[in-house]
């Protein structure tokens, strides 16, 4: 079985959907962040796969690099937010933070 | 001492306004100084009008001052694009009225001491009102006239609406609506003239003198034709008749008078009503001689009906002030009657022009006399109202014993209103009536019967208010004799009523030439028109042959 | 002596006499504030003013006489001599008046000289003077002025008025003395708390009013044009008003004052109509023409215009118009068209009737007689001066003065009015019990006589009676005033009786007055009181008139009968009051004779009442009067409709008439004596027999009720209608319009608020509602949001596949 | 064993690890375990990158993600996961719902991906189809080194595109500007993160 683009895309899709599910179902704020990381990774897999198999070429790598870096930045800020949330609510359960309710 | 005419006229008009401005800087609690200041400004205005009388030349029939180049009045460009000028002037018709205005305003200001509420605002509005009234009598540009006319209206509305009696809002609105309706009719006529005069060398004009010349057919090439004249005259007449007021446009008057504070009633009766008569004499008749002649019979009928109707209505009143107000309707009927007794013959020349002239003079005199006597009557009502705070005729009585000086002055003033010889009311009424037979015997007889009714309601009033053993109404303890300020006002008015009554030539001398000129020019104007029609019809018949 | 200067001199004297009371009025009315209430200063000033006025008037009379060489008396002589041939044109020919200039006057005399032969030569001196005081107003060719006009009538009236007024002023000092107090109690006025009304005395006010009245009355007499007469006419009216209403606290007094003035105004309405007609057609108010500066274009006066120079009216029978003429008898022309100036004959009648209407009001003639009895509410001196001697006689004076303008039809009307009045008033006087009211009705009746005399062509007779009546009636009123004071303001005769013993001077001076008015005399001797002469003259005129016009016989019968009635009720009054036994002992006990200040004037007046007409038609008074007689009166008028008797005709029947009048008077007096003096018959019985008639008379022929129903109430109703019209119709229209405008704006508001705003609000509400309903979705839960995103993407995807075709 | 087979085998291994670990992250209720499974998943992804000849990206993935980000997460876990909060359970209904949606979502994504004929795209965009320049200038599998081209690309040079290209065609642009922006962004994020994490604590001390 020749491993082709579609296989990588499937892996990316699984990671993406898993990340979304993770974000949607985890009550733990850190868990939500993890879901985000998974989503980003799923996308990254796709970028790199496209770089390999299509004319996207080096651009896919570059974008993947950006995504990784931004994910790191996001993680840092999100953690800071999570810590603040924790300080304010004394919990990390995101369901408790419903101040934005309409 | 002679002042530049422009300066003098402007000073006369705007001195009160200046006073109003000056008063604006006073602390509103400084009531007494403000009153004195306002009084000083009215006195100064009166003095200035005396200067005007000094500059006035009774022998000159037309508008004065006559400039070196022969133009009349003073004129300065105001709104150039519409050919509107700041044009002022005076003649024998306006000078007595200007004198009357400043005189009554001065006395009414003396009577304003009884106003306790918001004195500052009152005085400012009062002085603005005076500016408006003087402006109306001195303006020679129709637009300017109209502006002053409206300037007068608003302060009056507030003076009635704020300082009035219990139904002041109703009265003020009624006054405002009526007068505004009149103003609008006047505005329409004004625009008719303006656009009808577009063939003038200088373009359309609001200049009353120029319009007069056109209306009397003295300008080659431009005329206001019959339809225009009649329409414009009727519009103007209704506008002014509301102000006079004549039957059936008079119902604002009793309400306005009853609700207005005393000094405002004095001005309303003493000056404002005269503006209607003045407008008829200055604008409606001169510009529309054809329309005037067309409507003369109606005018005389309205005058006669006003006399009788007003007197009857007065007879039925139980409110003292309302009675006096209706007497104004009755007395102003003579004005209209006297103005309109213009009888023409087959050749369209006036028949018995001297009688018409007499009627005109009588009407003018009646305006002045009524200015003095009605102001006095309202003042007298006000004096007692200030004390007992009611005006029910059936609840007075016995004032002769309690307030002897007041009763004496009041009786004198009321007799002046009754038309007693030797007092001012007599001359105007009798001269007008004497001139009326020439026009219409039946109407003259009807108008003359007013003397009976007038005697009836005035004497009955005197009996109910002043005579009798004792005062029957409330606040009997408040009845104290007049103070010196009130006595001064009453005595001055009575003295002038007597002077006018025994020496009417004092006023006739001022107005004689102007009146004669007016009558002559109207007569000539109508003949011009008739001649034009004649020649046109001959030309047409010539063509047909 | 130059005539011009004498004219001015007379004018000056009379002017002083005229204006002094005005000055007095001013001083008194203002002085009232300064002087204490108990001060008599005002009275002294008033008496001084009128007294000096009398002296001036008398001096003027004398000067006039001297200046005219007493042509009057000579003229009377000549008249007397030639009475049989032509009736005294010697003095009648200049009654139209002429100018102040001697030349002008002489010119006029020559111009009219063709008719009179004997009277002209000694009349070279002018006897009438006129001039202008000042102009009230000039309108083109028309001018209204204040003029003066002096002839013997003016002078006589001046003297008479000032004399009587002086006497009455003096009397009033006594009569009004109860006003000299700070606290006057008016017993006729009850206050609410049941007591009598207290007020400060008004002594000064009374005299100031009296002075004002004198001024007005003298101005009326002096007036040189009809307009000026009207002016003073009104002024005497207002003085009368003030004096009638002197007791202002009394409702009855103020009502009577109002009534007097308003009724007079009704007459004045007619007066104004007359003025309008004359003014419109003649263009002048002057009695006689004025001299113009260039001397020949004199503007004629009313008298000349209507009567020309011969006393005849120049009628164009075809067109029924009267040509207006100048003093020389030439017809006036319009300066432009050269049409002759005319006045329709009918309008001339109307004008005459109109002016006479004024006289009716002022002289209380039928049908305007009702005010005079009520006017007795005023103090008695007022009644004496104003309401008997002078003001009410002014109507007669004017009728006489304006005689030339009256056409025969108007004269006949005057005669009938006078005739009705004299009978009507006399009948009421018979049943009146108030002493002053009897006198008031007697006044009306006597004024009717005067009117009758003038209307019948007895010009001089009427005015003769005016003067004599003024004296005896003022005497009687003052006497009654004395009685009233003596009886402490009791006026009802049934409570009096026998007073002559307590107040003899009053009683006998009153008797003189009664005899005078009754017209008693001893025939064939000179003993005849003034009333006899004057009434005799009127009756004689009436008889002559009836002889000429048998159809109008009532004009003779009625006055003759009434002469008897007059004597009856006057003697009834005297007997009731002074004779017999006192009917009210308590009242009688307190009666006292009046002080000298009151009885003095009574004595003076009684002398004049008895003797002023001495000599009858040859006497001074009659001669003076008839000297001013208008042209044409003396000769009489022959006309188809009504002829007027000339002097000769009257003279023919004079003796006959005198006897008849005397007989009537004596019978009246005897009946009165029988009823009230000797008590042969009981008046009460007669009264019971004629209850209906009695009540009718007591109620004054029910005129008051009639007028109330005919005029007063209807005018109130009309007044109510007018006021209601204003309220309902005019204000209704206005209110309706306003309401309509308000309604329209309400609809506009509804439209704005309901539809325009509604749409806008609807959009807003919908959006808001949607937002509100969507709010529940905004749970604030992070996880749900992510779920929504996922579901949303899924849904979009499904929709995309479901609705968009695949390519 | 051909390179193809090795590739396939390695792919299968890494793919299974990556997907399985990712699913395990979702399934796990323990935050610490979740962190562990995440590390596994990210590490397997790095392996996939290596398989795709993206050696630099893979290295970065290992260094930054596995080494940096996940350590950061673990710090967060340790700071917050005190006592009861290590396990925060979700309700089973939620789990079922999430699973259903996840499956649907996956179906949607994969059906979309599968609907595209990548063969055409790959062939059109294959190194041969892309043009001579690509095959000449950049061939990762042959060169096995993407570090230099990436570095050049970040400083604005694109030798893989521009070398051998038509002289008149416009020069390709590199990623200098995005790189700089991202650099600054990182700096800002670091400062912001430090501030956020620090400010609250200070306010707490103030409150205390």
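For clarity, chains are labelled A, B, C and D in written order, and residue numbers in each chain start from 1.
The working rule: a residue touches a chain if its C-beta (ideal position, glycine included) is under 8 Å from a C-beta of that chain, and two chains touch if they have at least 3 such contacts.
Note that the structure is predicted; figures quoted are calculated from it, not measured.
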Chain whose averaged C-alpha position falls nearest the assembly-wide average: B
The distance between the C-alpha centres of chain C and chain D, rounded to whole Å, is 130
In whole angstrom, how far does the Cα centroid of chain A sit from the Cα centroid of chain B? 94
Chain B to chain D, mean C-alpha position gap in Å, rounds to 100
Could you please state the distance in Å, as a whole number, between where the Cα atoms of chain B are centred and where those of chain C are centred? 34
By the touch rule stated above, which residues of chain C touch at least two different other chains? 787, 790
Residues of chain A whose C-beta touches two or more other chains: 20, 24-27
By residue number and range, which residues of chain D touch two or more other chains? 98, 101, 105
A full list of chain pairs that touch reads A-C, A-D, B-C, C-D
Which positions of chain C touch chain D when the two form their complex? 787, 790-791, 793-794, 797
In their shared complex, chain C is touched by residues of chain A numbered 20, 23-27, 32, 94-95, 97-102
Per the touch rule above, chain A residues touching chain D in the complex are 1-11, 13-22, 24-31, 33-35, 37-38, 41, 44-45, 48-49, 51-58, 60-62, 64-66, 68-77, 79-84, 86-88, 91-93
Report the residues of chain C in contact with chain A in the complex, numbered from low to high. 774-783, 786-787, 790
Residues on chain B engaged by chain C in the complex (per definition of touch): 174, 177, 248, 250-251, 254, 309, 312-317, 352-355, 357-358, 361, 365, 398, 400-401, 408, 415, 420-422, 426-427, 430-431, 433-434, 436-438, 441, 444-445, 448-449, 451-453, 455-456, 459-460, 463, 466-470, 503-505, 508, 512, 516
